[in-house]
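Shared between the two complexes below is subunit A, which has subunit B as its partner in the first and subunit C in the second.
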Partner chain A sequence: MFITGIGRTKFGILDKSLPEMLYEAMLKTLQDSPLTIEDIDAVIVSNFLAGPTTGQLHLGSLVTSLLPGTYLTAFRVEAACASGGTAVYMAGSLLRDFENILVLGGEKLNGLMNKKIYKNIAMAGDLLRDQKEGLIFPAQYALIAAKYLKKFGLPSKELSLVSAKNYFNASKNPLAHFNFRDLTPDAICSSPDICHPLKLFDCCPISDGAAGLIVSRNRLSKRDIEILGRGAGTDAISLSHRKDFTGFCAARTAARRAYDVAGIEPADIDLAEVHDCFSIAEVIAMEDLGFCKKGQGMDLIRSGETSMSGRIPVNTDGGLLADGHPMGATGIAQICEIVTQLRGDAGERQVSHPEIGLSHNVGGVGGTAVVHVMRRCT
Partner chain B sequence: MKYCCQGCGREWDYPVLACVFCGGEVSKVDISRYVVDEVITVNVPSEDHPLIPYYVLMLKDSDGSYHFQKTFQRHETGDVVQVSRSLEKTYTIGIVGTGITGKGIAEVALLSGSRIVWKSRSRSALINAIEALSKKLSKRMSPDEAEILLENIITTTEWEPLSESEFVIESITEDLSIKRETFRILDQICSSQVVLASNTSSLQISRISEGLLHPERVLGLHFFNPIARMQLVEIVRGEQTANETIDKCRALVASLNKVDVIVADTPGFIVNRLLFVMINTACRMLDEGVAKVEDIDRAMKLGANYPMGPFELADLIGLDLCLEIIRNLHDSSQGREYEASLALENLVNSGCLGRKSGRGFYQYS
Partner chain C sequence: MFITGIGRTKFGILDKSLPEMLYEAMLKTLQDSPLTIEDIDAVIVSNFLAGPTTGQLHLGSLVTSLLPGTYLTAFRVEAACASGGTAVYMAGSLLRDFENILVLGGEKLNGLMNKKIYKNIAMAGDLLRDQKEGLIFPAQYALIAAKYLKKFGLPSKELSLVSAKNYFNASKNPLAHFNFRDLTPDAICSSPDICHPLKLFDCCPISDGAAGLIVSRNRLSKRDIEILGRGAGTDAISLSHRKDFTGFCAARTAARRAYDVAGIEPADIDLAEVHDCFSIAEVIAMEDLGFCKKGQGMDLIRSGETSMSGRIPVNTDGGLLADGHPMGATGIAQICEIVTQLRGDAGERQVSHPEIGLSHNVGGVGGTAVVHVMRRCT
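Let's turn to the complex of A and B:
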């Protein structure tokens, strides 16, 4: 299966509605691809919170209303922050029925009361076990961070290296939410406490935005990128149902499946987009994806191996931390970045000659994980 | 509480029919002992958790399973917690009275994990109160869980059992001589460490505690109806109330997941003093023909961003109670703003008491 077109909006605080953003992502995706709208056989829409936040559901039909007279097959997929990756995964599985599937994801959250948004994001956790007890999203990852730092004897200021790297990368991405070129680790460490040990800049922003891509059964052009392998895994929704708080079994499972299908090993990956909703999440992703051993994620980041010019650049677009995190779009945008890099179209942030890239999209606090491995076609 | 498979030991939060892995029988396991495994401080307010900072504790039970628990009180990793529902310091709270306020206090106290000693003059009033409470609790939890909570209540028609409490909250009729008699008895049977609180809205604490052996442990604890939903508690400091008594009550209020304000022993405290100027003035505007009921309510809602207009609120409170409070405020302050309006007096005289009677400023069907 091949990715034959990509497109996305800017991420950030946008003065556009969800349908407007989805339309923009769709238009850009089609403009990027050799296909026209008539070639699209089905649409999968990815979104997390339009229902509880804006009162809009039935997004498959909503997208079809942007395509008057088409009567397309259209589904909506929801897996919290992993909605995008899950939608791409399902598109791959539906290629038996359809030849070209448009995957569109988006989220519109800004412009509403923040307290309501935080409550809604917490819906990714268990209603009784997590939400009722006030375990909002940063609190979940603060727990992971506290456990991780304690287990491996690391000072919490180390985490700032993750945000500093990703903010720097975002400064080379014109579509990113943030463009703070000079955000130093010291500035990150002195930002307000959100949930100890996580500071403001350890947390991704709440972004609006949309992204799209086309998954096709057949290769259509030289620019197409092949999906070599993919895997999806899930785990209990509440951390309180787990035993390991320093990694995600769902992500390890998804990665193993993707590597097996692709017939490769972690060492073969040239660059990766990982789900850094909080700085600690990128550290454990390094380990869950097998880029290093357990407890060495921070070493990888500290040594610069995951920087733009390092051995395995991670989150060249700025990641969720700085590119932004419009939940429904995120997993799709990650794949768009890998495609852009593998095509050699990444401009100022282009990594030198990557062959194989990986995307890692996580929902909730490791409740869902989707991994895609992609290869440049020769 | 959790549900465990007898065969393979897997656990669920729900009473599942049988284990889907081994077919084993699943039975309920009560957990009473937790160890605090991690403490997370939350500095971000969200819609359901607006008060910050608060703490989320990760607790480990004796089987090694984890649970989360929100609390406003600091705990350290390694603390052992013995209660089944809540981790706040749990109190034994005496409640005198089974009216709306008494029931409301009992509800929030039970939900916070406290034990209750509930006193009323009549056995039947207690039985009715427990039944009403059971109905309220069953909307929030399973019948099993509600039953466990209700086991934390001791009911009594005698005074003596109240002496086991750390706090006794009086919530009986607003009559100074009856309240004074109640506090005289409580003062005699409760050790000086027990805090005695009155839920009075209009009487002076210093008058209630006059002549007691230990007036320093007496204060006002003014809850607002519906208590389960209203966050505020006014802590009223009498002339002789000790700082220690105030501190104890602040901890109690926090454990009930409420927010306190401290106010001097003055007529109407904060809320009623301001609120009833508005309600009474609104009524007098009717007397003067300034505007219609609906328009005055609409004006305050849309022009001052009040969630309810003065007449909607008065109907909810009950017009007889409103009139009583306004008269009390007038008696104690002689302020012209508390001269009761004709419109209000006429409604009360004709039996239109607000929502509870089906008719007040508005008609309720």
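Let's turn to the complex of A and C:
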């Protein structure tokens, strides 16, 4: 299966509605592809919070309203912050019945009358055990960060290395939510506490945005990128049901499945987009994806190997931390970045001759994880 | 592809949470199947309103929390009231990657602190044009009913024939929301107006409930039912974008695709479950599915051909009107009924030797439609 078109909006605080952003992403995706809308056989829409936040559900029909007279088969998939990756995964399976599938994802969170954004985001976590105890997401990831740092004897200030790298990368990405050119680790460490040990810049922003891509059964052009392997896994939704807080079983399951199908090892990966909703999540991802051994994620980041000129650049677009995190779009935008890099189209942030890239999208606190492995066609 | 297990809860006003109902449906489905939970490769959860109504999203992870240690791939699909049928459709496509897929759907609407049920249900319709103008669902279907009755010169009291049939059928279904043995057309006509020309008994109730089934690549036992064909279509979400109010293009598209794949004609169908959220919707469904010509749906119902002993029994379980309409479960429960009938297990409501059955599940006011055609294996 091949990715035969990509497109996305800018991420940030946007003065656009969800349908407007989805439409923009759709147009850009079609413009990027050799296909026209008449070639599209089905649509998958990825979104997390449009119901509670904007009062609009039934997004499959909503999106096909933008395509009058097509009567396309349409799906809306939701897997919290992993909605985008899950939608792309599903598109791969739907190739059984369709030849070219448009995947569109978006999220509208800023500037709405509904002020319950934090409460709504908490719907990704367990209602009975976690949400009701006040375990909103920064608190959940702060628990994980505290456990991780204690277990491996690390000072909390090291987390700032993740954000510093990703903010730097975002400064080369004109579509990123943030463009702070010189955010130093010291500035990150002296930013306000959100939930100890996480500082302001350890947490991703609340972004609006949309992204799209087309998954096709057949290769259509030289610019197409092959999906070599994919895996998706789940785990208990509540942290109270987990034995280990310092890694995500769902992500390890998803990665193993993706590597097995692709017939590759972690060492074969040339660059990766990982789900850094909080800085600690990128550290854990390095280990869950097998880029290093357990407990060595921070060493890998500290060594510079995951920076843009390193052995395995991670989050070249700025990641969720600095590119932004419009949940329904995030997992799709990660794949757009890998495709852009593998095509050699990444401009100022282009890494050197990558052949194989990986995306890693997580929902909740590791309740869902989706991994895709992609290869440049030769 | 084959349906290798089915199960559902009672529908009604239930003193159970959504996870409890989903768990019950899962256990019953597994008990009905030759498969055990270890044989299941993926899960699809169908639900419409858990986010806005109960504050819980990320239901893929939630459901796999009930299956500790499985780390299954899980999806949640939402297509308003067509969520269930859409999930089963998707399961068919996911057979590309998985051998046995558990589809679970449910809805919890009654007895919650959240009193905005009607507002939440309106999320299936267009936010900007219809919802904000007060076009909640009874009003939308009343518009359709008024247009239909006027166009074909029918008195509104004829609609009561649909409800009388379906309430009678539900009286033979121990799991149905309602069990009114002798609801006459006259009693229906003298029930309170909801939105003219729709009376109380022309409108489906607000039900809680869950249903499940397993879709398998291979046939496993004599009781399995083959999915012969399937189709899904969409249309503009807003009524203001439709040219014709007296039929649903999405349903005609879905039906044509399903018949084409199955290689059959409407005349080959022995019984059907159709989406009678309001009585008028069953009349329109008869025409959209090709059981009769345009404008003759009411004639077909009046003739008795769609009653339990007729040529093509429709909604033998009582339909949405009397079996109930827990949206996430509805499309799955429709298929459970067809499977039960084709197996010959329907007890008091068993129709005579059916071989081919059809299910028709609609979201919004015809924004999404999904049709499945199923056959008894010989």
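Quick note on the criterion: the second predicted complex is superposed on the first by the 374 of 378 C-alpha atoms of A that agree within 3 Å, B and C clash if a C-alpha of one lies under 4 Å from a C-alpha of the other, contacts with A are read in each partner's own complex, and residues count from 1 in each chain.
Just so we're on the same page, contacts are C-beta pairs under 8 Å (C-beta built on N, C-alpha and C of every residue); 3 or more make two chains touch, one makes a residue touch a chain.
All figures in this text were calculated on a predicted structure; none of them were measured in a lab.
Engineer: Kindly classify A:I194 by the partners it touches after superposition: subunit B alone (first), subunit C alone (second), both, or neither?
Structural biologist: first
Engineer: Where does A:Y118 make contact in the superposed view: on subunit B (first), on subunit C (second), on both, or on neither?
Structural biologist: first
Engineer: Contact-wise, after the overlay, does A:S240 reach subunit B, subunit C, both or neither (first, second, both, neither)?
Structural biologist: Only subunit B is touched by A:S240; subunit C is not.
Engineer: With the two structures laid over each other on chain A, which partner does A:R181 touch: subunit B (first), subunit C (second), both, or neither?
Structural biologist: After superposition on chain A, A:R181 lies in contact with neither partner.
Engineer: If you stack the two complexes on chain A, which partner ends up touching A:K293: first (subunit B), second (subunit C), both, or neither?
Structural biologist: neither
Engineer: So in the superposed three-chain picture, is A:R219 touching just subunit B, just subunit C, both, or none of them (first/second/both/neither)?
Structural biologist: A:R219: touches no partner chain.
Engineer: Contacts for A:G92 in the overlay, against subunit B (first) and subunit C (second): which applies, first, second, both or neither?
Structural biologist: In the superposed model, A:G92 contacts subunit C only, not subunit B.
Engineer: One more residue to check, A:P138. First (subunit B), second (subunit C), both or neither?
Structural biologist: In the superposed model, A:P138 contacts subunit B only, not subunit C.
Engineer: Common interface residues of subunit A with subunit B and subunit C?
Structural biologist: 119, 122, 131, 238, 241
Engineer: What residues of subunit B sit close enough to touch subunit A in their complex?
Structural biologist: It comes out as residues 13, 38, 40-50, 54, 56, 58, 65-70.
Engineer: Using the touch rule from the top, collect the residues of subunit C that touch subunit A in their complex.
Structural biologist: 48-49, 51-52, 54-62, 64-65, 68, 70-80, 86, 89-90, 92-98, 119-120, 122-127, 131, 231-238, 241, 249-250, 253, 363-364, 367-368
Engineer: Please output the residues of subunit A touching subunit B within their complex, sorted ascending.
Structural biologist: 113, 115-116, 118-119, 122, 128-136, 138-139, 142-143, 146-147, 192-196, 238-242
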